[in-house]
Structures are given as structure tokens and as C-alpha cells.
Amino acid sequence: MAMPRRLADNDVVLKTTGITKIFGGLRAVSDFDLSVHKGEILSLIGPNGAGKTTVFNVVTGIYSPEHGDVVFLGKKITGRKPHSIVSSGIARTFQNIRLFPDMTCLENIMAGQHCRARSGIFSSVFRTPAMRREEERIRTVAEQRIAQVELAPFAHELAKNIAYGSQRMLEIARALATEPRLLVLDEPSSGLNPKETQDLMSFLKRLIASEDLTILLIEHDMNVVMGISDWVVVMDEGKKIAEGIPDAIYNNPDVIEAYLGRDEGEA
Amino acid sequence: MGNGKSAGLSKLFTTTPWYVPVLFSALVVIYPFFATDYFIDIAFFFGIYALLGLSLNIVLGEVGLFDLGHAGFYAIGAYVTAILNTRYQIPILALLPVSALAAGLFAYLVCSPIIHLKGDYLCIVTIGMGEIVRLALINNPFDLTGGPNGVFGVDFPKLSPNLVIDSSIEYYFLVWAVVGLSILGLISLQHSRIGRAWNCIREDTVAAGATGINVRHYKLLAFVLGAGLAGVAGNIYASKLMCVSPESFTFWESCLMFCIVLIGGMGSIPGVLIGAAFISLFPEIFRPFAMYRMLVFGSVMIVMMMVRPGGFWPRKRGGVAFRSLLEDTGNGNA
Amino acid sequence: MKYMKYVLMASVLLFMAAPALMAADKEPVVIGLQGPITGAWAYEGQMAKQSCEIAADLINKKGGILGGRKVVIKVEDDAGEPKTGALAAQKLVGQKDVVASVSTYGSSVCEPASNIYEKFKKVNIGYGVTAVRLTERDFKYFFRTCGRDDSQGKFFANAVPKKFKAKRIAIMHDNTAFGKGLAEDTRKALDALVKAKKVELVYFDAITPGEKDYKVPLTNLRESRPDVWYYTGYYAEAALLVTQARDIGIKCPFVGGNAAINDEFVKIAGIKVAKGCYMTNEPLPGDLPYKEAKEFLAAYKARFGDIPSSPWPIYAADAVNIIAYAVDKTRSTDSDKLASFLRDKVNGVPGITGPIGFTAQGDREGVPFYLYVVNDAGKIVISK
Amino acid sequence: MQLLLEQLINGLTIGSFYALIALGYSMVYGVLKLINFAHGDFFTMGSYIGYTMLVFGIAAATAQFGPWTGMMVALVVSALGIALVGILVERSAYRPVYRAGRLPAVVSALGASIFLQNTIMVIWGPRYQAYPAELIPAMRFQFGQISITLLQVIILALSFILMAALYTIVQKTAFGSAVRATAHDRNTAALMGINFNRVILFIFTLGPALGAMAGVMVGMYYRQISFTMGWNYGLKAFTATILGGIGNLPGAMFGGLILGVLEMLGAAYISAAWKDVFVFLILILVLIFRPTGLFGEKTAEKV
């Protein structure tokens, strides 16, 4: 349904070349190339254990790859620490939601603004005017983001006390608060009911339309993948086996084999 | 220890009723005028433990790093003060920032290589660090620390040549003024991006990194600040007792600080005060029990944890009780 | 519940009236005792407490002081730790009825405590505090009934090399305030002999107390081939050291400092190992020839079954005695009067540990030392 | 060379005490993730019970049946007694706070440690106590240049038998695998029908009992015990546990032995006074390069 918006002349936001990650002899990701273009929603799919999350972890700096490079907005970011990759403009969420459970929802989002603030130890202790202005700004951004995901009524609830679906949205809002250019979502729809999944899809569509943003996501729910992706990359056993517009992928025999051949039960 | 600049801070006390800090400050100010020197001295040591508790609370309460070697930083502060004062006659108050810096620098140097360790592994390394400091003090390197005798003849703090802090009540106000200022500073920190970053690391280290927080930097910062504050406590302690010796900085002392934070409630400043009160007042109250008093002390610690496992005054956030890390190990080591 | 109020009021009244009632029966003279009742030195602290109580009992049996007032001991625990010691001292000086204090066992605890006593002008007498520096502060109210580290060191230098015809001397300490102090004072005292090439100091090192295995430092000691070996620490380690030394073939005579050998030492090391071990010591309780000592020890034994196994508690008892004596003679509880009386007028006053007198600095005058030896029956006797 | 070998044997002897104590730490940690600070005091109390048995309780029996019987009785009674104490402590101090998580349990454990230590002081008095002399004939064996005492042989043999026995129980029996399963994942183990309370009972019986036997052996070896000694041994044994990789039983055993040997070598070739500094430095270095201990599994965190 979605028209292939992918244009060759659009800027490449993220490019990985030949990344390889090995765990104790097992090649979780092997010689993997990926280009994400500006303004698109790219879905990375594949059966369990295909290495999708590992790719994400390499891109976001949680793992350092054995080989290969990650280039973001023209700069090499391979092997940099997660926090510095966030500052350069990549934000992510986790497959099994990782919020700061004993902090309030608003504080969770405010934490996202951390990398966009500068106040140091002295200005924080003495609450200098500059620091207060900055706090005010952090708070404003956080309030906008919490409103954007429609969680404002829960701003002062502890993150662990809100519903599961809301926690997913909160995590996305926290990622957005870091002011990313690329949003990396690891199975955002998992655990959501059909209604919440629908809401999520329209939320992501609105997001991409309204902000200068690119989205890279791992998804198992084929409805979501087909519904919102501009481009789909299929992984199996650490390698890319196919890529293309959603419709093309849907009918690709290799992909069907990868899914049905071995690992039917999932998704 | 006025609440003078509380105008800007008032909104920070969102979850503690305003009258609690006001009443407490008033009590602190009035108390010594109605107490004997003995009770003032108890309150002085309460203040010292409050400082130590606050300093460990940064590391343990705010960031969730298990530090059972905090007495090492305390010792560095006390010994730097004692040595520089007795050898070079540098005034005690001038040494206050020096001992804080020395302890902070020491923390930076020793913690840098070990900061990546997790949970109990970090815990044993801090224990080892604390023990190394204590053993080094006993072994008298370069004839500096006076070995097991320690360093004696430490001076009184002098505000001016005529204004000497030498009575119990003056020491009391000195320590509580420092406690008061530290609390104001720490409350500010709790409500800044630094405090939030610390809490994020405690809640989920990986997520904190993925949210743009420089985990290593903020862990180190917590250690350095915590050590610096412990160094300040060491400075005041050294001049109060007029001598320092290694038996004041044992592993047991680190354990007491750990208990202060947990008995009070992790990350909670009023909690730290309550914990420090318990640790310093309890053994004094039970003096008449002589050899049984530590027996009682031990059992009460157990009972406290049964009755209030989250501490006496857990930190509140948004009106909901704050019980971090108490639930489970979460992302602890495997 | 209604009665509760009356019961409460009655007990408060009674409580308030109690001092008055007691005053009618002649107010007692209260002497403080600050010592390690808990903690690692609890053993010493508790014996000191017993000794002071016996001393007070004996005074009271003879009719008390100041024409019939009784002596009462008020104990404060310092846990053998400086901070607790400062609080204990502060507590004692805060009590107006405490005329003077016996304080305390350990030198590093005594240091901050005696500062407090000095500031609040209260006479305090140490009973186990042998660090030299304590009386070098020119305090007005600080005294001690025990000797100093250097008196013992001097004794060692004078007597021991001669006795064993020793040329090669080894000194080992335990890095505690006391043990190291004694070791260094002994080294100083030996200096003249070393310069005159009469003796050679072949070993001077520390062990870590609280350990159980000393084979390594002992091996080094063995390699230095000493003629005599002086250990200045405590009995707990001394017993292990001698046992393990004999195990690895160190045969030279062992001389312990005055904390190294006591009945516990013999019990732990066993008679076979302990016999023939020497020590430099003030006279042990049982060897004190004075009639005061016999009387005191008889009373102590009657109450507690045995005499104190370390010399220090006796000094605590003598501190009580001398305070009571001063109060009685000056007919005053005024600290200034007591302090100047102790300093100037007390001389050769008979005590359990012999005649008591103080130097201008507050040190005990003339603490006698002896060389003791463990005999074949495991008894510690004066060496002939 | 002779010196080195002698120090190795001395180091192994101390190391085997550390190892026995470390096993108790490691088991409790493995299952409960709790640092049981009271464990050092189990060890001390065991030592005192052994002392009482040897000095009073079975003096007559010893006279009649020889020192071996006395020693065995002291070991067994002390182990049983401390197993009981272990269960009591678990029931009264730890069980009520498990639910609340691990940190309150740390405070509770410290409280239990103070309580036990002072209980020992109240019961047996604050003074050092001495085990009877010549309990075991002072025989020596000569191997070339090195000599080893009979007592050392007994201690080493006994420790290794105990460790082997524990290892077999944990690795080979059904109950042992229940313990391991619980240590690995308590919830899954519970789903598989493993009775958590019985596992707890097991570790709080065996751990303290091993510690108590180490206590009796320390008493026989050094002949001198004090009520505060558990703190020091406990700290060393905890260090050994971490050195070996926490929660890993063979790791704890080797950690203990390595620690004992390191300590002796540090004392012999560096300085007796600085040997503990040396030991802790080695520990820190090991952890910097192997953050989960010598034998700990490297765990990549699942993200």
C-alpha cells in the first residue's frame, strides 16, 4: 500500500558496511551492509536469532563490531560509546522495555534531554540562572513530548506503575526527547493489543511526516511492517538475504523460505 | 545553617512537607542551648555520621554503586588534614577544601580503572581499596602517617586569630553548618540533570547509556563527590579529636555508613539523617547495658530491616514511595 | 489506666528524691572509670572494672573517706576506640559528681579523651597508657600510674644483653601503638651499646597482629641469627610466635615485653614451649611484696576466683586508691587542688604496686622492672 | 627453594581454611545473591564450640579413647551445632527480609554478625581462649628438605575430603542439581517443582557446618581463638569467593587456596606488613582484567 518513497538521491543517514559481530565463535552478524535514507521508515525483519537486535546494538554502540564500519551523517561512529552516539543523533528503544522504573514518567523523558544540556556540577549545585533556564527548557521539551504520546495525565506517576502499552510509548517519547535524527525502535509493537498497534502505526506515520526524522525498526508484526515501511531489509543467520519495497519482500521466495522453512511459529 | 536561600529552593521540597526541614533546622539551632556538652558531642558525631551518610548516599543511594570502602576516603581527608596541619601549620579551615580535593582526587585515581565492575565485584574492590588505605596508614609509608599511633596534635579551626572553634558547641555548629550546606547542595543536585543522570544509571545502566548519559563519567563523578564530602567529614573529625589513628577508619566504619543509607532509605536525604541518628545515638543511649549494648544494636538492625525494608524515610517521587533496587537485582551480574 | 498517671508521678518524685535521700546517708564520692568494656580489648577493660570495684570496696570497708563517705565507681565504655573514648570522657566530665577519672587502657584512645579531661579540668589517671608522648604535653590534670615505654626499653638495654651475653639482638614489634613505641624506645636505649660496638641490632621489623601464621617473618628472623629475641607486642601473638619459632628451629632466648607474657600466654603456647621464655615487666600482681597488694589480691580472688592475669588492672586499682587518698587528704573534690596535691604532695604513698608518686609531668615515679621467666611448672617467676 | 616449598605448604593450609569458609559464602550468594556477613561469625562460634568440647565436654572421652576420637567428636558436634545456628539465623534474620530484596538483607546480615560476635563474647568471655596443647602428636614428616607436621597433613586431608564431598553432593546428587538450578534461576526452578525452602535449608546447614569445621581446625592449628577473629577470616574468605568467581563452588575453593598461597608468598618475598595490601592489589588487578573473577563465566548482558 505504501508507495515506495525511496529515492536514490535522498541523503543516506546511516550506512553500515561489512559489520561482523562474533560471540564466542558464533557469527551473530556477518558482513552486514545497510543504508538508511533520510526521512524513510526502514524495517529490519527476520526470524528469531537472525541477528537483528545485534545490528541495533552495534549501531547504537552497545556492542563494538569485530569488523566493519558504521557511518552516521557522514561520520564514522563505529565503536563509540552509546552516550556519544546518542548525542550524535541516534536514539533507540529496547525489545523488552527498559525504562527507569522508579522515576516518574516526566523524569524519564527529562533524562532524554540530558545530552542536549550542558549544566555542570557547579552550576547545578548553585542553581545558576543559566542552569535554571536550561532546566526550564528541559522541562518544557519533556512536557511537549509527554503530551505528544498522550501520557500527560501520568507525568508524575512512577514509570513502573503505568500500563504496558503506555510504557512502550513512554520509551519512544524518551528517545524522542534526545532530539534524534534517527530513531531506532526494537519491536515497538510487541506486547501491544491490536488497537494499541494501530495507534502506534499512526503515531509513527504522523511523526515521520511532522519531524526531520528517519526511523529504523525491527518488527515481527507483518501488518505493521507492510503498513508503514518504505523499505524492508530481511536478515537470516546474520546475513542480509533480501531487501526492497514491502510488496516485493512479501512475495520474495527466499524470504518465505527463511520464515516458513525453519521458524514458522514466531512473529 | 539558615534556610536563607530557600526561596529558590522551596519548590524542590515538593514531596516533603515544608515544615519538616524548617522544624528540623530550628531544632538543630536551638538544641545545644539546652543540652549538656556530652549531649552536644553526641549530636556532633551525629553530624559527622550525617555527612558520611550523605557522602555515601551519593554513591550508593543515587547511583546504586555498592561502596563498602568509604572509610578509606574519610581517612584520606582526616590524614591529609592532620599531616598538613601538624607539619606545616596550615590552618584547619584552609585544609577543609584541600582534604575534600585530596579525597576526591584519590577516588578519581583508584576508581577510574575499576568503575566498569558490576555489583558485588565493585563492592569487594571498594572493600579492598578501603583496607589498603587502612593498612598503608598502619605501615607508615614515608614516615608520614605515624603508623598505628597516628598523627596527634591537630589544631583547632580558627575563623580569625581570636575566633577559635574549640568548644563542643562551636564544633557542633561547624559540623551542622557543613551538613546544612551539603544538604542544600545535594538537594539542588537531585533536581538537576546530574541527579537525574545518577538515578538513571542506578535504575538501568544500559538504558541510561542508550539515553545519552555518559555512564562512566557520572559514576566517577559520584565517587569523586562522595569521597570529597567524606574528606570534609574527615577534616572536621581530625580537628575535633585532635588526633587521627587507623582504628577510626576500619571496614566496620564503612559498614556503618552503608547501614546509615539503607536504614534511612536509599537516595533520601531525610532518610540519611535518620540513619545517622540511629547509628550515632543508639549505642550512646544503650551505654548502661555495657557489654550487652552491641547485642541489642545488632538485633535492632535486623528488626529495622524486617519492619521497614525500604528504609525509614524512603525518597518520595511524585507522591509515590520510592523503593529502588529493593525489588530485585534487575540488571545485576549473572 | 487511670492509676498509671499516679504511678508515673510517684516514680518521678521518687527518682527526683533519690539523690536527696542518699545525701542524707552521706553522699558517695564518685570516681569515673573509662575503659574498653566492649571491643577487642574487652578482656582488659572488664578486669579493670573489677579491680576498681574491689579497690573501692576495700576503701569502703575501712570506713570510706572524708569521714565515712563511700567511694563509688562509675564505668563508661570506650570500646578501645578514639571516638567512643571521646564521648565517654565527655560524659564523665559532664557529671558534676564525678571527682576524677581513671582513663584508660589504650594510648591512642587516651589522647583525645585526655584533651577533654584537660579542657574541663578533671583529673584523669591512665592505667595502661604507656606512650611517652602523653605526658610530654604538659597537661595539668593528666597522670598515669603505669610506667612509660621508654622506662622498659632502658631496662632492657641495661639488663638483657648482659644477662644472655648477647651480641646479636633482634627486636620484633606488632605495629600497634604500644608495641611499636616500646620497640623504638628500646632501639634508642640500645643506641649507646650499638655505637660502642658492644651489641649489634640484627633484626628490627613488624608483624601484623590478629594474624595466625607468622612463619614468614620468623624465617627472616631465623636467618638473622640473633642471640636474643625481644618481642614488644601482646601475648596473643607472642604465644603464636614462640610456638611457630620453635617449630622452625629458632632456639635463642625469647624475651617479651610487659604485654607479651601472662598466664594466657602459657596456656596458649603450652608449658613445653613457654618454659624458659623471659619477659621484661613491672612486678606481676602475685609478686608484689606489699601488704596492700596481698590484701587487694585476696579480695579480688575471693570475689572473682582468680587474680588478674595482666598487670594493668592493678594500676587502675591504684589510680582509684590514689584519687581517694587525695580527696581524703585535701578534704576537697576540687580538681585544681587534687591535681596540685597529686603532683607535689604525693610521694611514696603506699599502693598495691608499691610506693606511688608522680613527676612534674604526671608520670609515675620509679616504676620497677624485673626480668621474669616461665618456670618448668608454667608459672611466671622473677628470673634469678 | 626449601623456603618456597615450605611457604607453599603453609599457604595451602591457610588457604584451605579460607576455601572452607568461602564455600559457605559462595553457596548462599549463589542462591540468594546475599553477602552473608554473619558467616565469619559462624566460623568463630564453631571454633568456640570445638574448644568447649575439647576442654570440658569430652576431656574424659579423649583420655579414654585417644585424641582422634576427641577431635572427631569436636568437629562433628561443632558442625551440627553451627548448622543449627545457621538455620536459626536464616529463619530469624534473613527469611523475613528476602522479599524486600537484597540490600536490606545486607544490613540484616551485618546486624546478625554483630549479634553473633557479641553473643560469643557474652558466653565465652572476651579473653582469648586456648585449645589444649598436644592434641595431635607433634609428628613431622620429612620430604627431602621440607618438613610438614602431622597436623598440617590432617588439616589438608580433611579439608580436601570435605570439599570433594561438597562438590560431589552439589554436582552429582539430585538435591545438588536442585540447588544449582535454584542458583541459576530461582523462578524457573520453582516452576519445576523445586522446593525453595529446602534448598535454603540445605545451604544454611552445609555452609555454616563447613565454616564451623574450619573454625575447629583453625583452633587446633593455631591453638588460640578470639571472639573477633571471624571478621578477618570472613573478609578474606569473601575475597577468595570473589577472586574465584562468585557463586561458583570450585571457584571458591581455588580462590581460597590461591589467596592463602598469595598471602604467604607476599609475606615471604615482599613484606609481612604489606602482605594484605599485596593480596588486595592482586584481587583488584584480577578483577580489572577479568571482571567476573578467575573462574567466573563471562556474561554478555542480554540487551
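In order of appearance the chains are A, B, C and D, and numbering begins at 1 in each one.
Here is the rule we use: a contact is a pair of C-beta atoms (placed from the backbone, for glycine too) under 8 Å apart; a residue touches a chain by one contact, two chains touch by 3 or more.
All values derive from a computational prediction rather than experimental measurement.
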Most central chain, judged by mean C-alpha position against the global CA mean: B
Farthest chain relative to subunit D (centres taken as mean CA coordinates): A
Whole-Å separation of chain centres (CA-atom averages), subunit B against subunit C: 36
Mean-CA-position distance for subunit D and subunit A (Å): 49
Subunit B-subunit D separation of Cα centroids, rounded to whole Å: 32
Residue numbers of subunit D (touch at least two other chains): 118, 121, 126, 273, 276, 303
Residues of subunit A touching at least two other chains: 62, 94
Numbers and ranges of subunit C residues touching at least 2 other chains: 38, 42, 46, 175, 206
Subunit B-facing residues of subunit A, complex: 60-62, 81-84, 86-87, 91-92, 94, 98-104, 106-107, 110-115, 117, 119, 121, 124-127, 131-132, 134-135, 138, 155-158, 161, 174-175, 178
Partner subunit D, residues of subunit C touching it in the complex: 38, 40, 42-43, 45-46, 175, 205-208, 210, 212-217, 219-220, 235-236, 239-240, 243, 247, 264, 267-273
Sites on subunit D touched by subunit C in the complex: 3, 6-7, 10, 13-14, 118, 121, 125-128, 130, 133-134, 149, 218, 221-224, 226, 228-229, 232, 264, 267-268, 272-273, 275-276
Partner subunit C, residues of subunit B touching it in the complex: 36-38, 41-42, 45, 138-139, 147-150, 152, 166, 168, 237, 240-243, 245, 247-248, 283-284, 287, 290-291, 293-294
Sites on subunit D touched by subunit B in the complex: 29, 33, 35, 37, 92-93, 96-97, 99-108, 110-119, 121-122, 126, 231, 235, 238-239, 242, 246, 273-274, 276-277, 280-281, 283-284, 287-288, 291-293, 297, 299, 301, 303
